[in-house]
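In the two complexes that follow, chain A is the common piece, with chain B as its partner first and chain C second.
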Partner chain A sequence: MKWGVVSFPGSLDDRDTLYALRDVLEQDAELLWHKERDLKNADCVVLPGGFSYGDYLRCGAMARFSPIMESVVSFARRGGLVLGICNGFQILCEARLLPGALTRNRSLSFICERVTVRVENTHTPFTRAAAPHELLRLPIKHGEGLYVASEDELRRIEDRGQVLVRYVDSSGRATEAANPNGSMHSIAGVANESFNVFGLMPHPEHAVEPMLGGEGGLKIFRSIIQSFA
Partner chain B sequence: MSHNPVALPGEPEVNLAQALAHGLSEDEFRLIRNHLGRTPTFTELGVFSVMWSEHCSYKSSRRHLARLPNKGRLVVGGPGENAGALDVGDGWLAVFKIESHNHPSFVEPYQGAATGVGGILRDIFAMGARPVASLNSLKFGSFDNARTRYLLSGVVGGIGGYGNCVGVPTVGGEVMFDAAYDDNILVNAFCLGLARKGELQSARAQGMGNPVLYVGSATGRDGIHGASLLASAEFDASSAHKRPTVQVGDPFTEKLLIEACLEAIKTGAVVALQDMGAAGLTSSSAEMAARGKLGIEINLDQVPLREPNLTPYEMLLSESQERMLIVAQAGREHELQAVFEKWDLHAVVIGRITGDCRWRVSWRGLLVADIPVAALAEQAPAYERPMARAAACTPPVRVVRERPAPAEALRRLLDSPNVGSKRWVYRQYDSIVQSNTVMEPGGDAAVLRIKGTRRALALAVDSNPRACALDPYLGAMAVTLEAARNVACVGARPIGITDCLNYGNPERPEIMWQFARGVDGIRDAALALETPVVSGNVSFYNETQGRAIPPTPTLAMVGMLADLDYCRSQFFRRPGDAILLLRTSAPALAASEYDALFGGGNRLGAIDLHKERELIDLLVTLAEKGLINSAHDVSDGGLAVALAECCFNEAGKFGASVEVGTPELDTVVNLFGEGASSVILSTPSDAAARVVQMATGRGLGCRRIGTVTSDPVLRIDSDIAIEVAELRTIYEQALPGRIQGHG
Partner chain C sequence: MRVKVYITPRRGVLDPQGRAIEASLKSLGFNDVGPVRMGKYIELEVAAASPAQASAEVRRMCEQLLANTVIEDYRFEVEDA
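The block that comes next holds the complex of A and B.
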C-alpha cells in the first residue's frame, strides 16, 4: 500500500509521521504539498500534527480551504482512508468530515504528556489490530483538544461505535482525573459514519519505538496496513 | 549621490544632549565625530547608538571574554560567526548557543520570552543547522511577590507558544525563584542544531557586487531601541513605558523561515546569512560586511514595510522579528527568491556588497548614512572598566533561624518551588516533536539521539546565583562543573559550553569585578574539563533602582554519548542494587536551599579541579562499561532530596534504605548540604566493590551507603522513614500548589 502525508506550511509532525512509516514500519510513504492537488495514488492519507497555517484564527480553520484538502475531501467521500492526528483531527472536524469540534483544554494551557487510551471499537480499519478494550500508551501535545459535540451527536456517535479511543486511567476506567483536557465522554478520537475517516488527539507516530515512549502507536498503523493486506 | 548624508526634514538636531538621550557618552559622541570627520545625521546617531550599545558591542565584556578557551579538537568553524560548532561524529556538527532575553521578558513576559526563543533559533539555522532542541534557564522573584505568578505564566506561555509552533522540542531547563529577582527576572534561551559536516553556512560577506537580499517578515515599528535603551540600561519606575520597545513574535512565519532558509542554503547560492536580531537591519548588514572586510550599500526603498511612512531611522533600528539578511551569489538571486516564494515569504534585493568598506544607506534618492564599516564593528569602543572587590562577597554571619527535625526538613525542602517538580512548567512544552527525545525534561540532562547513528547528545543548563553571590569565582566554577556532572550522570562525555553571563551594571566597579571573576571561574573549569566555550552572550544592567541581581552565569553543557546504550537515568531500577555515594569533598550549607529556608549557611568550600575532572571521567567510564544502573547529581536540597528523587521512578515502586551518617559530619550538613560534587549511583550488588575500587583509585571518596528496596519507603539512618508516595506528592504539588493556591 501507499501512504501520503500532507505537509501544510505549519505542519510539525509531518516528518515524524514519515519517519514512523518509512523507517520504523518500512512503508511506502511520501509527503504531499498543501499547494498541490495530487494525492500521488496514496491508499491512506495522513493529516499530521502541527499548526497548519499558524492557526491564529482557529485550529484547522484555514487548512480546510487549501488545494490539497479539496482532493482529500473527495478522496474521503469516495471511501479512501484518512487519518487525522492532533491538528489533522482538528482540520477534519473543520472540514466536516468528522463530527464535533475541538476547543481549548480545560486547563487553558498546552499539555504535553503520556496518556492511556482504551480502544472502544476494533471493527474498523484503524483499530482492527488491537484487542477489544486494549489500553494504549500514547503522548498528547496540544492546547485545543477538548472534544465537544451536541448531546444528540454524542448519542449518535456513541450508539454507532464511532468513538474509537477514549482517555482512561491505568486500570482502564474513564475517570475525570484521567481525562487530560476535559473532552466530553473522555473522547480521544472518533471516526465518521462509514469508518474510513478517523481523527485522534494523541500521537501514534510518537509511540513507535521502545526507546522513545513505547510502541502503543504501532497498533493504529498496523491496523491500517492489515486493511490493505 | 552627494558626498555627505543629508539631514531629513523634521529630524531633531544632532548635538551632545541628543547623543546622551540615545545612551551614548560624551566621549563616545566625540569618537563618532572623529570616525566621520563631521557630526552624524540623526539617522547615523541612531545607528551608532545601537551598534555601540552594550548589548551589540560587548564594550565592557569583550576584553574579558577573550580569556575564555574557545579552541579544541572538536571545534569547527572560525570565531566571530553566529554560534559555535562541534564535530560530534558520523558526519554531524552540533551548533549551539545560549542568549538572554531578560529585559524584554520583565517588561512584557509573553512576547519577551517568545521572541527570545525565536532569536536564538535564527542564530542556529542561519548557520545551516536544523534546530533540534531548545532549553531555557528562568529566574523569577519570590512567590511572596504578586507579580511572580504573572511573570511565570507569561514567560512559560511565551516559550511554549513560540516553541510549540515551530516544531523544535523544548527538552529541558531550570527554573528558580528567589526574591533577588523580584525586580529583574532572567530568561536565558538555548538552542542546538545539527548540520552536516562541511555544510556550515557562513555569515561573512564575500564578493564585490553580490546582491543583498532581505527575506522574511515585513518591517514595522516594533522593537526600536530594544538593544540600546531596553537591554543596555537599568530598570526604573518608568520601565513599563518601554513596553513598545519589546518585539512581537510570529512563530508561524519563523517555521516558514526555518524551512525556506535551510532549503535556500541547499541551492549553494547563499554566500552569507544572518538574523536581523538586535539592531535589526543595521547590525546584520554591518556585521556581515565587517567579517568580510567589505562594504555594503542598502536602498531602503526596497524594504518590505508593514505600514507606510517609516523613516530611515525607524527602518534601520526596527527589531521586527522573523527577518534574515542574505548575501547571494550574483546572478543566482532568482533561485533564492523562488524558494522563499514557495514558502510565501518576502525575498527582495535591497542592496549589494561593495569594496570600499563603507556602510552606505540611501532612501528616496538621498544618502542618509555613510559610515566606515569598521566604526560600527571592531572599532566600536571596548572598555577596561574599573573593578573593585564587592562587599557582598564577605561571608554572611551564620544565622540559624530554625532547626526542624530531618524528616520535617526533607518534607519542607521537597515543597520548595526550587526543589519541587517543574512538571507544571515543562508539560506546557512540546518535548517530543522530531522524534529524537530519549530522555525528557525532569532528569539531570536531556538526551537526544542522532537519527541514523548510535550516537546521542546530552544537554544541561545550570546556574547557581547563591554560590556566585558568596564568591563569584568559585560559584562560576561550581556552575560549570555541575553542568558537566549533569551530562556525565546520563552517561555523556562533556564536550563543549555556551554561556550566558547575567550581571548588574558594569559601570559599577564591584559588578565589573564580579563579572571578571565569573569569567575566570568558567575559564579555569573549562580548561580543566577540556570543554571549550564555543559561543555565548553577556547581559549587563540587570538591576532596578540600583539593586543588582546576584551574579548569574548560566552554563549550557553539551555532552556526547558514543552509544545510546550508555544512557542512564537518575531513577533506581532494581531492588537489591547497592546505593553508592561518590563525593569529591565535604558538603556545606553555604548557598544551599536549606540555608535559604532555615539559615545556617557559611563559606563555600574549596574546589579541587583535578578531582572534579576525575569524577566526570569516572561517571562516563562507569556508564560505558555498564557497571551502573542509575546516576543522579546531588543538587538543590542536598543528599536527602536527591535520594528521594532517585525513588520517583514512574516505571515501578522503589524505596531506599541508607546509612549516611559519619562521625565527622553534622547530620544537617550531611543530609542537606550542597556544594560538594556528589553523585548517587546504583549498581548491581556484585559490582559495588569494583566501582568503589575504581573511584578510590582515582582519589575520589566513594562508599556503599545502602540498598534499593522493593518496599517504597525512604529510610535514612534513624532520622527519616517516609513513604515514597507521600514525598512524591509533596514534590509534585510544590509548584501547582503555589500557582493555584493564591487563586
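The block that comes next holds the complex of A and C.
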C-alpha cells in the first residue's frame, strides 16, 4: 500500500509521520504539497498535526480550502482512507468529513502530556489491530481539542460506534479527571459513518518507538496496513 | 458597503473563555455580571448593488467560512453608506 502525508503551511508533524511510516514501519510514503491536487496514488492520506495557516479564524478553517483538500474530500467520498491527527482532525471536522467540532480546551491552556485512550470499536480499518477495549498511551499537544457535537449528533455517533477512542484513566475508566480537555463524552477520536475517515487529537506518530516513550501509536498504523494486506 | 459580522458560540456549546472572563469580572467585584459569552467581530467591505445583495453575499460567506455553524451562530449588519 501507499501513504500520502499532506504538508500545509504550518504543518509540524508531517515529517514525524513520514518517519513513523518509512523508518519504523517500512512503508512507501510520500509528502503531498497543499497546493497540488495529485494524491500520487495514495491508499491512505494522513492530515498531520500542526498549525495550518496559522490557525487563523478557527483551527483547520483555512486548510479546508486548499487545493489538495478538494482531492482529499473526493477521495474520502469514494471510500478512500483518511486519517487526521490533531490539526488534521480539526481540518476534517471543518471540511464536514467528520461530525462535530473542536474548540478551546476547558482549561484554556495548551496541554502537552501523555494520555491513555481506550479503543472503543475494533471493527474499523483504523483500529482492527487493537484488542477490544485495549488501552493505548499516546501523547497530546493541543490548545483546542475539546470535542463538541449536538446531543442528537452525540447519540447518533455513539449508537453507530463512531467513537473509536476515548480518554480514560490507567484502569480504563472514562472519568472527568482523565478527560484532559473537557471533550464531550471524553471523545478523543471519531470516525465518519462509513468508517473510512478517522480523526483523533492524540498523536500516534509520536508513539512508535520505546525511545519516544511508547509504541501505542503503532496499533493505529498497523491496523491500516492490515486493511490492505 | 461596510459589513459588521458578529460570531458567537451557540447556546449549549461550552464557552470556557466566556466563563473565565465571567469569573475574572466577579473577582474584580462586578458581582452582578451574568453569563458571559465570547465571540468574534469581523468588519469587511463588499461591493454590492443593494443591501439585499450584500446580505445574500455575506450570508454565504458566513455559512462557508466565517462561522462554523456546528458550534457558532452569526449575525451581521450591512451599513448602506
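In this text, the second predicted complex is superposed on the first by the 229 of 229 C-alpha atoms of A that agree within 3 Å, B and C clash if a C-alpha of one lies under 4 Å from a C-alpha of the other, contacts with A are read in each partner's own complex, and residues count from 1 in each chain.
The rule is short, and it goes like this: a contact is a pair of C-beta atoms (placed from the backbone, for glycine too) under 8 Å apart; a residue touches a chain by one contact, two chains touch by 3 or more.
What you are looking at is a predicted structure, and each value in this text was computed from that prediction instead of being measured.
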Open item on the list: Just checking: does A:Asn41 make contact with chain B only, chain C only, both, or neither of them? Give me first, second, both or neither.
Closed with: neither
Task: chain B versus chain C as contact partner of A:Ser170, first or second or both or neither - done: neither
TODO: Could you tell me if A:Leu146 is touching chain B, chain C, both of them or neither one (first, second, both, neither)?
DONE: second
TODO: Applying the touch criterion given at the start, work out whether A:Glu94 contacts chain B, chain C, both or neither, answering first, second, both or neither.
DONE: second
Open item on the list: One more residue to check, A:Thr103. First (chain B), second (chain C), both or neither?
Closed with: second
Open item on the list: Going by the contact rule set out at the top, does A:Cys112 touch chain B (first), chain C (second), both, or neither?
Closed with: first
Open item on the list: Counting residues of chain A touched by each partner, does chain B or chain C come out ahead?
Closed with: B
Task: chain C-touching residues of chain A, taken from the complex the two chains share - done: 57-58, 61, 65, 93-94, 100-101, 103-108, 146, 148-150, 182
TODO: Using the touch definition up top, name the residues of chain B that touch chain A in the complex.
DONE: 157, 160-161, 164-167, 250-253, 255-256, 259, 343-344, 426-438, 449, 451, 564
Open item on the list: Considering only the defined contacts, which chain C positions touch chain A in the complex?
Closed with: 9, 12-14, 16-17, 20, 65-66, 68, 70-71
Open item on the list: Applying the document's contact rule, which stretches of chain A touch chain B when the two form their complex?
Closed with: 9-10, 12-13, 15-16, 19-20, 23, 49-51, 53-56, 109-113, 139, 141, 143, 203, 205-206, 209, 211-213
